[in-house]
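Below are structures written as structure tokens.
Each of the next two complexes has subunit A plus one more chain, namely subunit B in the first and subunit C in the second.
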Partner chain A sequence: MAYSFDFPAVFDYTPVLVDGVVLTAALTVVSTVAGVSIGIAGAAARTSGVKALDTAVGVYVEVIRNTPFLVQLFFIFFGLPTLGIRLPEWQAAVLAMVVNLGAYSTEIIRAGIQATPRGLIEAGESLAMTRAEIFRHIVIKPAMKKIWPALSSQIVIVMLGSSVCSQIAAEELTFAANFIQSRNFRPFEVYFVVTALYLGLAVLLRWLLARFGNLVFARRAARA
Partner chain B sequence: MRFAKFLGAVGFAAALFAAAAPGPARADALETITKAGVLKVAVPQDFPPFGSVGPDLKPLGYDIDTATLIAKELGVKVELVPVTSTNRIPYLTTGKADLVISSLGKNAEREKVIDFSVAYAPFFNGVFGPDNVKADKVDDLAGKAVGVTRGSVEDIELSKVAPASANIRRYEDNNGTISAFLSGQVELIATGNVVAAAILERNPPRKPVSKFLIKNSPCFIGVSKGETALLEKVNAIIAKAKTDGSLDAIAQKWLKAPLPKDL
Partner chain C sequence: MSLVKLTGIHKSYGDNEVLKGIDLKVNEGQVVALIGRSGSGKSTLLRTINGLERINQGSIEVDGACVDPGQSDLRALRLKVGMVFQQFNLFPHLTAGQNVMLAPVVVKKQSKADVRTIAEEALAKVGLADKFDAYPDQLSGGQQQRVAIARSLAMKPRVMLCDEITSALDPELVNEVLAVVRKLAEEGMTLLLVTHEMRFAREVCDTLVFMHKGRIAEQGAPEEVFTKPATPELAQFIGMVTER
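Right after this comes the complex of A and B.
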């Protein structure tokens, strides 16, 4: 191995890397909040017993889960302007990520909801609680606690998948990497650094999600 | 007697050598071409729109049309010699072709080996955009979204000179840049005139029209070194074709844009 590493050539571009990390983090936070919200609403719709709602959400979920993320992104960025909806790259990236995570989390959360013991719901009904009250107080929290690890993984996958948004010139971390290596011709060093950054971001995100899960769901579950 | 024989042998050998030697020593190339009635032109066949192979397997393109034009003006038949970008100059120096019309750019290295005519075709990187977007110089890019292929010559050059408020969007490849332009995600694109011609070829609703140049390297016709008569004749033909509009017609046909005035 006669390769001599030249990491200073990468650190000359530190501001570009910092901007990349910031945008990747921002994309992840926004799409997680919005995507999981859609997931909860979607799962509620699928388990509501209203056939039309169940079918509509089912179609959405299956379309998104059975097409590549990159194609969804291109559809939004390059396709929608033809219909007069022109989104700048970061909005297109957020929309694609939200729609994608929304579909996956709908299925994950639905699984948690359907695992709610029948008896708990019947107990709520016997206390004259409305359907909404039952969903809010009895169903959703234990369901979220059950599926939280799976949902956390999905959120990390979406964060890593945001690298694809470099394809529409959204200047996130992978764009920063591609940009730098097209200027200093040091791809190995650049991807070395960026891989480490992604790893760091993913570990940090998992840790934050685990803390959040413990804080919000664990106590309730212990009381339940 | 023996000495005379020796002298004779030396003379014969010298004559042979002189006849075989390339370059200025041989007969005037223009005369040879006119006498043979054939002009051998080295043309590309892997570089549209300058030269490619048509559906009937015949070469076609800007360079082929230029070759035909010159042969017609010389009153001879044209013989197309397909070459690649690496062997086009050797074909000329070894006499396999009389002219190289193969989207050839001029540089000091090449000028040592061959002579160049006046420019016959535009070849440049520039900023392109629809008619209604005003951008005559690089400062006009302020506040505008310009699409460019990341890492390309245009990207590097434009990044150096563009005003800070210019919004340069860097796409992964030419297709991304073109899609971004056609879908209106960027107002302008920085690319080569050949790429712009390829977009215009498909007649899209948003037409990339040349706004200003970033880097210019027009194409020249290569002629063997020292063939002054041929070179002057070729230059005269190109000059005439520029004024009478026949070269402009070729540019319109293959590059979908008029011949730049300063060419």
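Right after this comes the complex of A and C.
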């Protein structure tokens, strides 16, 4: 079998690839910020001691964690218009990713919150702090620090999972790949390059998240 | 007028009645030691006084702040009552200074600059002026407990509760913490201490309260209580603790 590789045939489409990388990155950034925010709020709700809140958020979390991401995406993009909610591709993609990461991060962050030693909460109570003040100033930061590696992995999973959004023609990286190979008929080269790009993005994202974690959760050098 | 007034306090965990009607008055500046066997309800009693445990019956009054099973303004109560725990319970992500500053800033909404001064004074009082920027895990147990005392002091409580605050410490670190408590007592702070340090209780406290099975079995001046126990339970308890 004599196949001659033709990578320049891929690089002719560099602008398309760049657009794809940019949209994938943008989807990831937006869904990370919004998804983790939902996760913090959801975890707060689940640990609030308010039964109705806990149950409501619990249902959300279990529905999302026990259904395929692709189906969630289709539901938003193809299903919701029936109710008059019509979203452009990229908005549907963002919404699906936010809802998905929100559910997973709720559970991850909740585990961190529940690992808070009881004594720290009592110390806060004995200082006349309210539940909300205790959550904000005592509980959440050590909890986030503890689960940051797990949360980082979940964020990378969501970034990689965004490739599914090509199915609703959101023009992210996988969409770009499908587009290019339908033009140049070089699937090996195209998917090789795109695989490398995803790998690069994932490594970069992990590095950024680790840096961010160090920045936010590291202590200032003590004067000793 | 007593600063702390406990009336008919009952507290149960399920079927287990742990406090069976406690009446206790503590005057301003009084230093009271709670002693008694393990399980007699000392910690539970202390924890009811700042609302960490709900009571089933009775009332707690501290300097006008009142809590009973029907109505509870826990915030008002806790602003009057400081608490120091056996396990220090310092916030691990904050420096000593930040630990001390947190509640005055967040709860009392005092300005950061004012609170910084208060925190520096509080840490100086416990002999840790130079540890403002140290994190809890960079401090010894004795130092951590002193930061915890400073944290409580910074809220300017009317009374401080201490539950076996030297029990988690290595023996050589006990004295530095007791010295701080002694200083607070001398300065007129109202203190309610659960302690197993009998020598300390005898020297520093004006009143000893002996608890037995959820009741106050005896109370009085330390010398009196120690030398002339009225109940066999106390006599036995004294024998037990002085043997050690």
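Brief remarks on what is shown
The rule we apply is simple: the second predicted complex is superposed on the first by the 218 of 224 C-alpha atoms of A that agree within 3 Å, B and C clash if a C-alpha of one lies under 4 Å from a C-alpha of the other, contacts with A are read in each partner's own complex, and residues count from 1 in each chain.
Here is the rule we go by: a residue touches a chain if its C-beta (ideal position, glycine included) is under 8 Å from a C-beta of that chain, and two chains touch if they have at least 3 such contacts.
As the structure is a computational prediction, the values presented were derived from the model and not from experiment.
Touching more residues of subunit A than its counterpart among subunit B and subunit C is C. Shared-chain residue A:D6: touches no atom of subunit B or subunit C.
By the touch criterion defined above, A:E125 lies against subunit C but remains apart from subunit B after alignment on the C-alpha atoms of chain A. Contact with neither subunit B nor subunit C is seen for A:E62 once the two complexes are overlaid on the shared chain. Contact with subunit B, but none with subunit C, is seen for A:F179 once the two complexes are overlaid on the shared chain. Within the superposed three-chain model, A:I138 lies in touch with subunit C and out of touch with subunit B [touch as defined at top]. Shared-chain residue A:F77: touches subunit B; no touch with subunit C.
Once the two complexes are overlaid on the shared chain, A:S166 sits against subunit B while remaining clear of subunit C. The contact surfaces that subunit B and subunit C form on subunit A in the two complexes do not overlap at any residue.
Looking at the complex, you find that subunit C touches subunit A at residues 50-52, 74-75, 78-79, 81-83, 85, 87, 89-93, 95, 102-103, 106-107, 132-135, 138, 148, 151-152, 155. Residues 74, 77-79, 81-82, 86, 88-89, 166-169, 175, 178-179, 182-183 of subunit A touch subunit B in their complex.
For subunit A in complex with subunit C, the residues that touch the partner chain are 117, 119-120, 122-130, 133, 137-138, 141-142, 145, 217, 219-220, 222-224. The touching residues of subunit B, when paired with subunit A in their complex, are 147, 150-151, 155-156, 169-172, 176, 179-180, 183-185.
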